[in-house]
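One structure is given here, and the rest of the page talks about it.
Chain nomenclature is as follows: A, B, C and D, assigned in order of appearance, with residue numbering initiated at 1 for each chain independently.
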Amino acid sequence: MVADVTGTGMAGAADAAPAIELRGISKAFGPVQANKDINIRVRKGTIHGIIGENGAGKSTLMSILYGFYKADSGEILIDGKPTQISDSQDAIRAGIGMVFQHFKLVENFTVLENVILGAEGNALLKPSKARARKLLTQLAADYELSVDPDAVVEDLGVGNQQRVEILKALYREANILILDEPTGVLTPAEADHLFRILQGLKEQGKTIILITHKLREIMEVTDEVSVMRRGEMVATVKTAETSPTELAELMVGRKVLLDVQKAPAQPGEVVLSARNLKVVDRHGVEKLRGIDLDIRRGEILGIAGVAGNGQSELLEVLAGMIPGTGEVTLLGKPLDLSLKRDNARTRREDSVGHVHEDRHRCGLILDFMAWENIAFGHHNAPEYQKNALLMDNHAILEDAKGKIERFDVRPPNPMLTAESFSGGNQQKIVLAREIERNPDLLLVGQPTRGVDIGAIEFIHKRLIELRDQGKAILLVSVELDEIFGLSDRIAVMFDGRIMGEREPEKTDRQELGLLMAGVTGDAA
Amino acid sequence: MKLTRTFLGATATLALTAGVAWADPALIYDLGGKFDRSFNEAAFGGAQRWADETGGEYRDIEMQSEAQREQAIRRFAEAGYNPVVMTGFSMATPLETVAADYPDTNFVIIDGVVDLPNVRSVVFTEHEGSYLVGMMAAMASETGTVSFVGGMDIPLIRRFACGYAQGVVAANPEANVIVNYTGTTPAAWNDPVRGGEITSSQISQGSDVVFAAAGGTGVGVLQTAADAGILSIGVDSNQNHLHPGQVLTSMVKRVDNAVYEAFTAGEDLETGLVVMDLAAGGVGYALDDNNAELVTADMQEALDAASAAIASGETVVHDYMSDNTCPVSVE
Amino acid sequence: MSSTRMPKWADVLLVPLFSLLIAFAISALVILAIGEDPVEALVIMVRGSLGSTYGWGYTLYYTTNFLLTGLAVAIAFQARLFNIGGEGQALIGGLGVALVCLFIPWPNWWTAMIAAILASAAFGALWAAIPAFLQAKRGSHIVITTIMFNFIAASVMNYMLSHVLRPPTAMDPATARFDDVLRLPRLHDILGLVGIEFSRSGPANIMLFVALLFCGLAYMLMWRTRLGFEIRAFGQSEPAAHYAGISGVKIIMVAMLISGALAGTMAVNSVMGGPQRLVLNAVEGAGFIGIAVALMGRSHPIGIIAPALLFGFLYQGGGELAIETTIPREMIIVIQALVIMFTGALDNMVRQPLEAVFLRLRRRG
Amino acid sequence: MDLATIVQILESTLRLATPLLFACLAGLFSERAGIVDIGLEGKLLIAAFFSAAIAFVTGSAWLGLLAGIAASVVFSLIHGIASITFRGNQLISGVAINFLASGMSVVIAQSWFRQGGRTPSLMGEGRFPPLELPFADAVADVPVIGPLYSEILSGNSILVFVGLLAVPATWWVLYRSRFGLRMRAVGENPAAVDTAGISVVRLRYYAILIAGVLCGIGGAYLSTSLAAGFVREMSAGRGYIALAALIFAKWRPWQALFAVLLFGALEAIANRWPNLDLGFITLPNQVMTALPYILTVIILAGFVGKAIPPRAGGEPYVKER
């Protein structure tokens, strides 16, 4: 195993001072140790990847570097000089720029206003704006970064918004650019464009830190990569000298089976059939533009796509959370998509299970105890009632104990509040609730987001088991590996449409990537 | 159990009354407060005069809310104060309830009538005093337009307005009287800003003498009048000193005397209805150094004559409250 | 967040307790600053409110008011709705009481009381329904709309009492006194049945027991019924409630109707139980004190009982202070403000150091 | 209706709108920076008290003004400590501030002056004198402009003019200055400001301090210009009406001026005609009193255009992990 923690063994590393060096950084949030004695050196003019599972401490580390948090101990050296970074102003002064996963833009400001915010250089706006306009034109020409300076940010697409973030950093003359999971919202083509920009910046001598959990990106664009696990820095290696398998092992700390074992599907009757399914959101934007699909018993239909292309709406409209139009039948019975008659509750009564993609916001009540969360959404179920008026809390508690045991939720204490469980165990509570009611159709969104690898394996196994019991599963995931591993059929969504359907054995990443970008090679 | 309860109750009552000399009088001011420079302050003045002269002590409390009235009266009765004097017609209903519960305590209500054996009800003939100041206003006015700012729009205040208007017309049949009220709730007694704005509006309509019968609100009326350089007439207390030389006079209502007399009579207070009219010196107008230059000999003469005529019954000023109508419009 | 750092009991008990102590300490400083003795003030307050059955009669009367308005705010808080409109809802509830008591010849007090409870609840609920509907359907911020509705309610009452309900000969903007048959049994009458002597002056009445019953019912509602489960779930997370098929519109409406109804019934105590006629401002700020009570009681139907009693004590004791000393009655409003500030808005100021203490204890243990 | 009546109504409107204007602009600064301010009422009230009290004691309206501003700023700071530093609930803090002002003003007034929670009446220098504008007499006879200038504008307290000038000043600060850009940003997305290296906390404190100063002037105007002394509860809901005007104005300065003039006019009309006879119906005074509140509810319900508040309003800023 490569465990060159300090990076001193790197060839030629000793000649120039690294752009960034962190020494012994530790940070705790209450009882949680987010960073433990982190050491890292990032060489000038390189793209340095930082990889790790969710919760490994990557974002905390970068937030410390950007002055958002103060480390409990340790020191930061910029260009070899110890530098005190106690707020973002210090970081900016030290030449650090950061592009956050969730953009930090004022949505109803123009691009120009967003760029100058905090770096106006003058108490009056007029001269600041004029100067910024000139500089932006220059930057746009230099780095393929053209954005209309007078456009209002909320009218821009995500790709352009991200460019505004990069422009903000460059406008502040950043020499070191940190990007946190920058491709999560981009199509493969947009991601490629981003990487070209990054290469261009690198050639101009900028240093780039790329935080991601996608092994493929690391292999493609970085020069070196550091791996974090449970708050610790476990290795820094040259990208050219490592492999995805090795990195995955470093991330997880043991051998990982990236493949899911499963028998071939035995599709049965159609459980759900949708024709011309459309959803228009509150602002009048069409989120689903006519979806046709069928799901049968005993199969998993995987929906691939870049986040934000209508997958969330697809799950929610089928689950009865948002209204839509079109013809959808469940086991031959037409559903009321207008939600005048139906809602999420009647869908559950119609035997539709729903594992929401955002368990913190929707799937769980974090302040409720585990046993209450087991009843949540099914609290009208007859077995949970004592009489016409009162619920039978005792029955719910007993039921919860069984489910918690069968799904190996740790600690197996139904009286703890949901928020006191780890991400994986929270997800198990949700799955236990939804799977054990034996739904004919299970809607699953991002089942393993923020879940540790051990739990991922467990969750995948349970989903396959449910399929093998003859249930229909609609799986939405942005993780292509997960889609490939679980799906019996793969549909790709782009801009509210299904661009095509493939069998996992007969397609590859390239093809799906094109579909995800809205490019159809054939008549899909 | 029962014994301890009783015992507790008894000691508590003792504790309540300990330190209070038996049968001190008490005074409850209506909303608007002790220092409204008007009605309540007159009551305070009477109580203070009694205290200064006799060296006695009394308790007083200001009402802050409609709902507290009954509790306040009861609290004083419970603690053994006697007599318990209160100002304002709003006290009548709560007093009815409480007075029945404390037959050994004497109560005095000023401006209200409660028909119970242990209650003295003191009322004033405000229409008579208002008539006199109305005459004076009409004689002092150069524009021929005078005005009235009432507090709460209730029959009692209309009685002021009606008397005033009759006096104005008596002195100058051509005169115009503008009448406004501040509101319909007790808040109207304590809204000087609104009083000032209403006065401004009246001034713009030509009024050059304004009579405020509005408790604490009147402070704003007199202030605005003084700022605008017109004459004003105070009420209840002598308010001439508030803006020397700019307050024509004040329609005084001897609430102070009513309180003083009640306090002086103490526990031996005679109950029943007491009407304090012009003849009895219950109402009148104020003359002092502050307004001496404003009151001409003509005015003095006319007012003296009118006073005598009213006192003798020769002139009868119509009382609005007798039939809820007025010969001169006071809407 | 908090529960992972500190045991729940500490969050529920210690935080409000310390907040309260700070509020009292500052109040004492204020009293000191105006040249009075806070210890003496406390003695007067305790003596005047708890030292005799006369005092208890008023303390418990006010407590009844605060139990109902506190419960009203608490139920709405459970659905994460900040109902500042308790004052207006109680005012309008009073209108319901007055109409029922004035225009229907009831044979006895208990039929009248039940009718008055129903009428006041209906009126209060109605007054809460409009802001609730606007929040549920149009997203109008319920805090602002309920504030506006308090003012509108005051105007409505003002009009009704000055122009409609005032007896023709009366000057007060108030209704006539209700028939004596409708007098609610007071503690004097009730406790007399079991041989306990109680002052007949204090207005505390049977509504105290009704209010306590409502607390118990509210507890059952929130923790034993599906509706309560849904209200709490909605209050914790609106999107999650939506995911679970709980209708946000329904919960907002139902929670606010219950809240408004409870605030409305407060008027049965303060109108039928007190002066037995409807006067202006019959609510006397109880709607607002309900906020302090609910905050201190952590919006728990049983948890609010102690703070309601505390404010009953403060209210009665404060009234005594005004009589016995030169400290004006507004001192209670200052205390009330400080309690709301420290338990509701500055709770983190107490929580953060407490969390640090617990963290240290845990590390050591 | 004759000209004199119209002039009088407009005069009264301007006077009554001025305290609303200060409170409304105060709310604008606070809410544009993401701090919801229900405590406007309390700040007006406490400022009114301290202005009157100090003006009475010192005999100087100017010292009174300073005292009023100081008191209001202290209350702003309390709100800031609760809602910015300790990330408490801004609504609850505002409610508490209103009660605190309501209680404190009377408690202190009673302790200082023993006049039942009021200050003695202010005389002479204790009040702001009317300010006669230059050439007021000269243009008095010019139609329209004459009465407008010499009767309605001229002769008001200097604070009225401060209020009127505060409107363009606010507009300029908000849209033309660096501070305004940052302040608007912090009310929309504090994270953007934070990551740009500017302290969210400091910006928000600046905003509420400005709000405190404006409310302080508004309160001082109430007790030392409009009235001649403090009486209990003299703010009489004006802070809430200012809040309503702010919603009406959709958080913009010029519209705020129009909104407060509208509400001022309602009050002036209600003063002039307690029972407003519209020919077909007579509106009782209570309707006029309640009208601003009713209008606000209608606006809030979105029946007359949507009022979209600053997005980060009401939420304490917590850094994401």
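Going forward, contacts are C-beta pairs under 8 Å (C-beta built on N, C-alpha and C of every residue); 3 or more make two chains touch, one makes a residue touch a chain.
Molecules present, by chain and UniProt name: B = BMP family ABC transporter substrate-binding protein; D = Sugar ABC transporter permease.
Since the model is a prediction, treat every value here as computed from it, not as a measurement.
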Revision key, fill the gap. Chains sharing the largest count of C-beta contacts are C-D
**Study point:** Distance-maximising chain from subunit D - centres being C-alpha averages
**Key:** A
Exercise for review: Would you mind pulling out the distance in Å between where the CA atoms of subunit C average out and where those of subunit D do?
Suggested key: 30
Practice item. Express in whole angstrom the distance between the two chain centres, defined as the mean CA positions of subunit A and subunit B. Key: 76
Practice item. State, to the nearest whole Å, the distance from the C-alpha centre of subunit A to the C-alpha centre of subunit D. Key: 47
Study note, to complete from the structure: Distance between the CA centroids of subunit B and subunit C (whole Å) is 36
Exercise for review: Two or more other chains in contact with one residue: find those residues in subunit B.
Suggested key: 153, 184
Check your understanding: Where in subunit D do residues touch two or more other chains at once?
Key -> 117, 232, 286
Review point. Between which chains is there touch?
Key: A-C, A-D, B-C, B-D, C-D
Exercise for review: Going by the contact rule at the top, pick out the subunit D residues touching subunit C in the complex.
Suggested key: 38, 78, 81-83, 86-93, 95-100, 102-104, 106-108, 110-111, 114, 117, 232, 237, 240, 243-244, 247, 284, 286-287, 289-290, 293-294, 296-297, 300-302, 309
Point to revise | Complex contacts: residues of subunit A adjacent to subunit C | key: 30-31, 319-321, 343-348, 354, 356, 358, 361-368, 372, 375-377, 379-380, 385, 389-391, 393, 417, 419-420
Review point. For the complex, which residues does subunit B have touching subunit D?
Key: 29, 33-37, 62, 153, 180-181, 183-184, 190-194, 196-198, 200-201, 204-205, 216, 219-220, 223, 227, 242
Point to revise | Partner subunit B, residues of subunit D touching it in the complex | key: 4-5, 7-8, 11-12, 15-16, 115-118, 121, 130, 222, 226-229, 231-232, 234, 236, 267-268, 271-272, 274, 285-286
Exercise for review: Report the residues of subunit C in contact with subunit B in the complex, numbered from low to high.
Suggested key: 47-48, 51-55, 58, 158-159, 161-163, 171-174, 177, 195-201, 203, 270, 274-277, 279-284, 319-320, 322-323, 329-330
